[in-house]
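You will see two complexes here that share chain A, one where it goes with chain B and one where it goes with chain C.
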Partner chain A sequence: MASDVRGGHVGRTRAFQALAVVGIVGVWAVAASVIDNSARLPNPLRVPGNAWPLIQSGELQGHVVASLRRIAIGYGTAAVVGIVVGMVMGAFRPAERLLDTPMEFLRPIPALALVPILLALVGIGETLNISIVFYASVFPIIINTVAGLKEVDRTYVEAALTMGAGRTAVVRSVLLPAALPSIMSGLRIGFQFAWMSIVGAELIGAVTGLGFMILYYAKFVATERVVVGMVTIGVLGLVFDRVLLVLWKVMTPWAQR
Partner chain B sequence: MGHSRRWASAVGYRLSGMVLLLVVWELVAARAEPSMSLVRVSEAALHYLPSEEVRQSVLASLRRIAVGFTIGSAVGLAAGFAIGLSAGLRAVFDPVWGFLRPMSPLAWVPLSIVWFGITEQAAIFVIAYASFFPVMLNTGTGIQEVAPVYREAALTLGARRRDVLRHVLVPAAVPYLLGGLRISLGLSWAVIVAAELVIGSVLRAGIGYLMHRYTLVLYDLPRVVVLVVLVGVLAFLADRLMRLTAQRLTPWRAT
Partner chain C sequence: MSRRLARPWVRPAPSPPETVPAEAADERGIDMQGPRGQIKVEAEDVQVTFRRRGQEIEAVRDFSLAVREGEFLSIVGPSGCGKSTFLRLVAGLESPTSGQVRCDGKPIRGASADRGMAFQQYALFPWMTLAANVDFGPRMRRLPKAQRRERVERYIRLVGLTGFEDKYPHELSGGMQQRGSLARLFANDPSLLLMDEPLGALDAQTRVLLQEELMRVWEEFGTTVIFITHSIDEAAFLSDRVAVMTRRPGRIKEIIPVDLPRPRTFETRGTETFAKLEFEIGRSVREEVDALS
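Moving on, here comes the complex of A and B:
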């Protein structure tokens, strides 16, 4: 995407982009001031003033912590389960063939379609939100783990076995590192799905969290507070995606072009 | 191993996989919620799926997806061409996409409700928004990926700029565009269900609306399960259709 933005002009491009962002927000601010109706168009100039009381009272932080906690548990579980199931499926062909049909059946079902069932089974609360996050993120992690293992050159495995490596050593020292780039990209996609679904789940089945917060303030037509929530969602999503990207690069330097 | 034996083993694995799923379901249902047992769900499917209510709601959801998806991808296509062709525009909007893209499209549901009220337009807006990014970014990438040699070759051979656009850039961008459309369509299903669930009772039709109704108002879980499976099947079929279309339109690409 940014191929021709690189090169020797990084500093100049950054400045240009900063200017562009200021320009876009400026146009938005002027338009909002002219319309002067925050139900029509929230005013970006009033967003900081609306963010401050939310931060001061700790309300915003409370919602952030609630959402992140659900992500940590749901996505964390999905990462462990996804990698383990993916490794079993990638290493044993019968397991892959057996689980392929159930996965193909379950995968197209959007995670958020499960909200009603979970509402009925466990009601509004943590279990619902954590389950949705888990379901949304586990499939890309499994699929990428399987794909990563299948791409491993068989000669590596055979070489290790010939040189006397045991099964566990092959898994730990050959298969896992070779599949790591693909596993990491599965973790990244999984996170994007998790982050997307938590907002949706909280719109319906929660009384805390960023998704709940934006719908709550929308009901009072406090659109600038809705924007505070949306910006928080955007910034956190971006930060975590970058962290995963950096981790990916640091952990698998050999996979970088 | 003979051809027929390999085929038999593939079928065997598929069947066992399906049985495994059903057994797990039955065990979970028996412990958690007996009304979700396979017998009850199949009964509900038999009686409920052919009903007029389901037909109308499927059509209502499909229509919302069709409208929102068409608007979003048309705008995304135009924007994709613009950013693909102009490095300046790309530089200006890169940070904007960079920020908006990782944000869940569902985060727009509340604002959309403020703007459009508790109506189906609110759902359509979010679908259009969700469809926009994958189409725009993929199309933009497609245009950029066209090797300059092709462009220059065409120009050298006397093609006008318009011809280059039509005969070089557009065909080159089509596979990327189709990839973007496929992602958008997948997202649309997640968005429509969530939006209809939030907007709820005002809609009178829609798969998410029915889920809302049978969970919160009428409490008929077997029907909810039927609807969830129905969404999965519809999303799967839509994706297959999209893939087939892509294969027919761009036979030179493998997938």
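Moving on, here comes the complex of A and C:
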């Protein structure tokens, strides 16, 4: 019985969510039809019609793959570097003292502000785009890893030591798993940042990718195609976030209450 | 009966002539009396000073104690008297500022699986199933797979948790978690068990049940136990001897032998000897608590 009631409740929530989406798109469509100038306001009803040729020609898929590749490399590197740096900082006090201030200084600087320096450093090209994704996502991963490690109760470490664990075993079998829930949420936030940075990352020097596609069609005032790019970024971002959430739940079953 | 024969030193039997006479018990609490007289752990003039927020805190001073092989010794005393500090010294998690703590005649350096420790909270690793928790020590010691599996099964059965192997600690009740941590502790076969209020976080009923369970398991293994507790009746019920500590900086104030027959059961609590002991220990602790205020 209780589940029936809950099921009904969920059903109603879903209905309201759908209503909200339909409502927003509806108001938007009406406004766009009245204005009737896609340079001022793109018409959502014309978005599917604009999406279809992009999909049929494979253009959209090509951009998706290009963006995903940059995300995979930039975010993947950020995940590895972030966890390693975070673990070193979290486990060794001197490392934290050394790195904390420069990190706190860099963190609020948006990735795009670094573009001139990055240009000089790595030049125009794929490395630049990937570097921006990396920079955007590495800090939340480091910070959450450090926080996760510092929150590990000392008792766990001591229990392991009194069961014959050495230094390496303490790190691998105690510190890492104990900090894993926090590391995983750092990875999730990091991914969101990486994904949000993709348009900026493809601002300079890229001739592929969803960010490039948006900027490209914006130049031709093909605003409905810009919306196709936006929707693709939104949907894919949501999907990947859900995947990470599921992964998080599977990998840390003890943290789910 | 056979258990008694296995561990004759549990009860003060008439001392054979070759052992140290009872007068050897000196004012520092070193008490060599007892038929076996073998010393498992010995602390000599130990002093521990902490620095906390720029202040020097003396946790224990002039602390001397000898724990006999195979005995169950409880330490009671007012809060903050340094009970846990002493236990951590024996565990090798801290070192004395001065003086020495020896185990099997050798000074203690660092932690070891041979000196297992049970904690009041966070007993089991929450990220491991019960079986993985119990397997932790054997895995660290790189025992062969088959032996590890056999051990996990045996010790989980010993504490009556068969069927819960794949549960995570948060899926178990507080009492089950502590039983699980006992299994994990025994799976390392340590020759010395250090228990820092392992039952302190449990409700009264569960606590009594677990005391009896702990007695049963301990009587089976006969390991030396140093047990820290706030609970006077727990100390009286479990121990061969109860060491009372002074207020901080703590040292051993007196050692009260517990003349209760084993195996002890719930009925033990109803005896006159038990009531007297509880009162005697309680009064000794109370004096120190009163002196604090």
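Keep in mind that, in the parts below, the second predicted complex is superposed on the first by the 243 of 257 C-alpha atoms of A that agree within 3 Å, B and C clash if a C-alpha of one lies under 4 Å from a C-alpha of the other, contacts with A are read in each partner's own complex, and residues count from 1 in each chain.
Here, a residue touches a chain if its C-beta (ideal position, glycine included) is under 8 Å from a C-beta of that chain, and two chains touch if they have at least 3 such contacts.
Just so it is clear, the structure is predicted and the values come from calculations on it, not from any experiment.
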More residues of chain A are touched by which chain, chain B or chain C? B
Scan A:Trp254 for contacts with chain B and chain C and give back first, second, both or neither. second
In the superposed arrangement, does A:Ser173 touch chain B (first), chain C (second), both or neither? second
Name the contact category of A:Thr162: first (chain B only), second (chain C only), both, or neither. second
Scan A:Phe212 for contacts with chain B and chain C and give back first, second, both or neither. neither
Could you look at A:Tyr135 and tell me whether it touches chain B, chain C, both or neither (first, second, both, neither)? neither
Between chain B (first) and chain C (second), which, if any, makes contact with A:Met196: first, second, both or neither? first
Both chain B and chain C touch chain A; at which residues? none
So, in the complex, the side of chain B touching chain A is made of residues 10, 13-14, 16-18, 20-21, 32-33, 36, 87, 90-96, 98-100, 102-111, 113-115, 137, 140-141, 144, 189-190, 193-194, 197-198, 208, 211-212, 214-216, 219, 221, 224-225, 227-229, 231-233, 235-236, 239
Provide the residue numbers of chain A that touch chain C in the complex, in ascending order. 153, 155-156, 158-166, 169, 173-174, 177-178, 180, 252-255, 257
For the chain C and chain A complex, residues of the former touching the latter: 91-93, 110-113, 115-117, 119, 121-123, 125-128, 136-137, 140-141, 168-170, 184, 188, 194
For chain A, which residues are in contact with chain B within the complex? 1-5, 13, 16-17, 20-21, 23-24, 39-40, 42, 94, 97-102, 104-106, 108-117, 119-121, 192, 195-200, 203-204, 210-211, 214-215, 217-218, 221, 223, 226-227, 229-230, 233-235, 237-238, 241
